[in-house]
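Both of the next two complexes hold subunit A, though its partner changes from subunit B to subunit C.
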Partner chain A sequence: MEAYIIAMLVFAGFYALMALGLNVIWGLAGMVNLGLVGFFGLGAYATALLTKNLAWPMPLGWAAGALVAAAAGALMAVIVARLRGDYLAIVTLGFAEVIRLVASNEVWLTNGTDGISGIPGPWRGEVSPQTFNLIFLALVWSAVGVVFVLLARASHSPFGRVLRAIREDEDVAAVAGKPVLWFKVRAFALGAAVVGFSGALYAHYNAYIAPDGFAPLLTIYIVLALTAGGVGSMRGAVVGALLVVLLLEGTRFIAQEIPGVSPVQKAALRESIIALSLILLLRFRPQGLIPERTRTRSSP
Partner chain B sequence: MTAPLLEVRGLVRRFGGVVALDGLDLTVRRGTVTALIGPNGAGKSTAFQCISGVIRPDGGKVIFDGQDITGARPDRVTRAGLVRSFQIARGIPRLTVLENLLLYGQHQPGETLSVAMLGGAATRRREEALRAQAVAVAARLNLTRVLDNPAAALSGGQKKLMEIGRALMAEPRLLLLDEPVAGVNPTLAAEIARHIAHLREEGMTVLVVEHHMDFVASLCDPVIVMAEGKLLAEGGFDSIAGDSRVQEAYMGRRVHA
Partner chain C sequence: MTNLHIGRRAALLGAAGAVTSFAIGGRAFGQGAPVTFGALPPLTGAGGPYGPAMLRAIQGVIEEANAAGGIRGRQIRVVAEDDQTNPDAGVRGARKLIDVDNVSAVMGTWASSVTTAVAPLCWENRRPLFTVSGADSITLLPHQGYIFRTQPNSKLQITTGSDWLLKQGARRIFHLAAQSPFAQSSQDVMAERFRAAGGQVTGFIIYERDKTNFRSEIDQLMRSRSDTVMLNGYLPDVTILLRELYRAGFDGRKFTFAYAAPPAIFQSLPNDVTNGLITFQPSPDLNSDAFKRLQARFGNTPVDPYSAQTNDHATLAILAAALAGDASGTAIRDNVRKISQGDGEKVTSVTDGLKAIAAGRPVNYEGASGPVDFDDIGDIRGTRFRYERAANGRFELIELA
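And then the complex of A and B:
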């Protein structure tokens, strides 16, 4: 049970990082991004290939995962510069599917649908599995802490102010003297880097990655996490990620306790509880658990 | 005589088959409040969009203070010193009035990503300077009390004032105001006219699009009349008002049987 909770908290850390990254792209700059899992996958594959095949040290692999995702994010921002809303959603969703299909078919590089196994992990094999999990728990949540501090500062800086302006009205931001495309490219690259970094950590935790690990459902969970936590709020991103993991996992136990229903019905009830909780949350708190707030005041 | 601050030569802009600007020529002299008037559909707003870089013209030239800014991106136009307001006040609703003003501040190092994440004394100093400037702009426009309110909570008139205030924050040499008193009550319209007159006394040059004729008559000289995408007439308000071509453009031609 304890091992299970630790594993869930590690996953909550991956989710929190992804939600933080999404919050830069969507929460601040207003660009819908349903391609999160594509950036997550890029980061995971980049570090897996570099550390396993070329024996790079792990921290370099993580940095490479973030950089590859950032480069893809910057390119994406240029391609979709003129798209908004639904159109942007479709293109980014397509991007993630392209990444998944390339990973499935370029067998020479990615080993196809068999995936890559034996990815090294910090002190894996040298310590007990429990200790390894604890080490990784500390690692991933330290990463969440550092990323949170950096992004929260960016969010409340003049840079964040410009992103919020672009989100609300691009023409006004441009007339205010801000090069809109350059801001979008930087926001997309920064957010994608954080998501790619999350993917890189995931690869080393799981030791095994395969294309079906990067299906669109994960993106939806992260969008839900940020929506529930508070779009535009960095604290909301972290809280929302914890909430989504709690809902996804906690409902297993609630469903177990319901008497007089078959296992299939229990599974269906679990999904219903998740859906109902999120609907109720957004009905009564549409701005999310921790609403976006800016901190600039006229008297310092 | 010094060179004009803004010179527009033969500006053309088509939307599909519609010719919105058909070789517009206009000149704005330094230190004037120049009005750009004309009937609906004359192309005034399109002219503003093209001059400010929000849309690209199909032909012609825009020369600002000797510098060719034809088709330049809006952020470049603003940094060159030509700043426009929007017709329908487009505040960033979820930012406060102060933040809307600060947004228009230029040369803020904190807009660089690394500086934004790591902080720095230069950012704080610039932010303090901009804050002081914003407080002063708000004071002259009677917006002090609402500085910390979200822009969405402003009244229609306050939004119009904030439009002007934001543009001032960018320290323009030429201010383009798109219908600054449209939909504003007469008292506030007079107040806005006084603000613009003060700006002129301080040496600012202003180009105004406005339909409100009392406002134009009391404030603007010269007045430029546009019709069908071209310059129709230019002069003092009285000579314009007496011009039969202008009357025709607004009222239509008398049909002789």
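And then the complex of A and C:
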């Protein structure tokens, strides 16, 4: 049981990193990004190829994963500069699909739909699987800690305040003399870098990546995590990620305890419980569990 | 309303009693604790149409084995998790099966990507993985013998298909393939087989699956004067290709995998278009006792090849554990080949197998999916193939070889 809980906490760590990244782009700057899994995949493929084929040390691979995703994020921000709302959502969703299709078809580079297996992990094989899990648990959650502190600082810095201003009204921010596009590019790059970093860690934990693993389902989980936790709030992002993993995994055990339910019904029931809990949460607490708090909020 | 009062002493006594009874129970039944197997079929997602039947086949075998006394007196249970046809969900499901339920073996993974993602967990924790995935790369992983695959890999499938076509007189074949892990490897195999027999592959095009128009591909095929076309794709694209082949007046052999042209294709295409299409697939051994028994258990539902394979997964794991007298993953891995091949008594059901093993006789299990003999890397040998031709809205059996 302990091994299982540890493994799930590791997954929660990946999700928390992604939710933190999304929070910069969506929560602070107000740009909907449904292409999350594309940046996640970029980070994963970058480090997998560099560490496996070119024998780069792992930390460099992680940095490269974050950098590649950041570059893609910056480019993306320039391309979608004039898009907002639904249109932006569709373009970013398309971006993730493009990444997945390229990974499926550029067989010479990515090994196509077979995926890349045997990605090295820190001390994998030298220590017991259990110790490996613990090492990764420490690694991922220290990463979450560092990223959390940095992003929380950024979110209350002048930079974060400008992003919020852009979120609320782009034109007003522009009139106030802020270079809106340049701020958007930086927000997108920063958020994408965190998501790419999460993907890079994920590749080394799982030891195997394939285009199938980067389906839009993962994006949905993270969007849900952030919505449940509280859009715009860094603490909410982490709490939301934990909540989503708890829901995904906890429902296994709940559904199992209901007598007379076949495994097929159990699978369907699980998805219903997850959906229902999130609907209820959004119905009764639309601002999320930990709503965004800004120092600038004035009382009426 | 009645009010139930439980005093402090009563509660204490009750709690103490509960704890003791657990302790006693634990000691008394420690020897006969149930053996747990994990099933990880796709109950939702792209594999959703197949998973429930695969699971049903496993459960059937386990009920039968329990009725026959279980593994040396230990009852068997199966815990199922849904892999959602997604590697990420598959890994989390496998984690739960291995770490929480402590299963002795994992069986029934379907998508190749799920199997590849789950495999390292299985071999690192020393649990065998029985799978129906076809990608060649799976058994090439460093799995230390923990992977058993009952599905012939794509190389064996395409080799068998090519040889059959050559026997039918095909010499000039055109290869149209959807982008997939085995598009290129299929081409290499076909080129080699046809060249060796004095024929040739007249053209090879990899196309994108989601295309809705294949005019230029068909034009190239028509120019190549081929006597056969290999449609190495999936249902949506093969449907369009067949229509365009008909329109272009192609009169050669049309050959494809059965999964790309299931009977549902007759609903979307007129008979004139489908007539003459030849399909092939690795076939369960339809005449074997094991298959007939599985079919009887399924009643009116037809048994698909994957369920026949998971029927064998469960049987192999149970018999191997029974022979070893030990339900650990490593014991099962080491004993699967001892009960699936060799000169032992041929058995076709888990009941007969358990009886023979209890009597100390060597057994050779012959399953519903075939003779289930494994080579050194865990790939299946000696599967039979089924060839069918479409005629007026249904498939007729040509040959079972």
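One rule holds for everything that comes next: the second predicted complex is superposed on the first by the 295 of 300 C-alpha atoms of A that agree within 3 Å, B and C clash if a C-alpha of one lies under 4 Å from a C-alpha of the other, contacts with A are read in each partner's own complex, and residues count from 1 in each chain.
By definition in this document, a contact is a pair of C-beta atoms (placed from the backbone, for glycine too) under 8 Å apart; a residue touches a chain by one contact, two chains touch by 3 or more.
The structure presented is a predicted model; accordingly, all values stated were derived computationally and were not measured.
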| item | value |
| --- | --- |
| Which superposed partner A:E271 touches (first subunit B, second subunit C, both, neither) | second |
| Which superposed partner A:G35 touches (first subunit B, second subunit C, both, neither) | neither |
| Partner chain(s) touched by A:S117 [first = subunit B, second = subunit C, both, neither] | second |
| Which superposed partner A:G191 touches (first subunit B, second subunit C, both, neither) | neither |
| Contacts of A:L248 with subunit B and subunit C, given as first, second, both or neither | second |
| Residues of subunit B defined as touching subunit A within the complex | 52-54, 73-75, 78-79, 83-84, 86, 90, 92-96, 98-99, 102-106, 108, 110-113, 115-119, 123, 127-128, 131, 134-135, 138, 147-148, 166, 170 |
| Parts of subunit A lying in touch with subunit B, wherever the complex brings them together | 150-151, 153-154, 157-162, 164-165, 168-169, 171-180, 183, 186, 190, 292, 294, 296-298, 300 |
| Interfacial residue positions of subunit C with respect to subunit A in the complex | 39, 43-44, 51-52, 55, 80-82, 84, 86-88, 91-92, 95-96, 98-100, 111-114, 116-117, 119-121, 124-125, 135, 137, 141-142, 179-181, 184, 208 |
| In the complex, subunit A residues that touch subunit C | 1-4, 7-8, 11, 104-105, 107, 112-115, 117-118, 129, 206-208, 210-213, 215, 217-218, 248-249, 252, 263-264, 266-268, 270-271 |
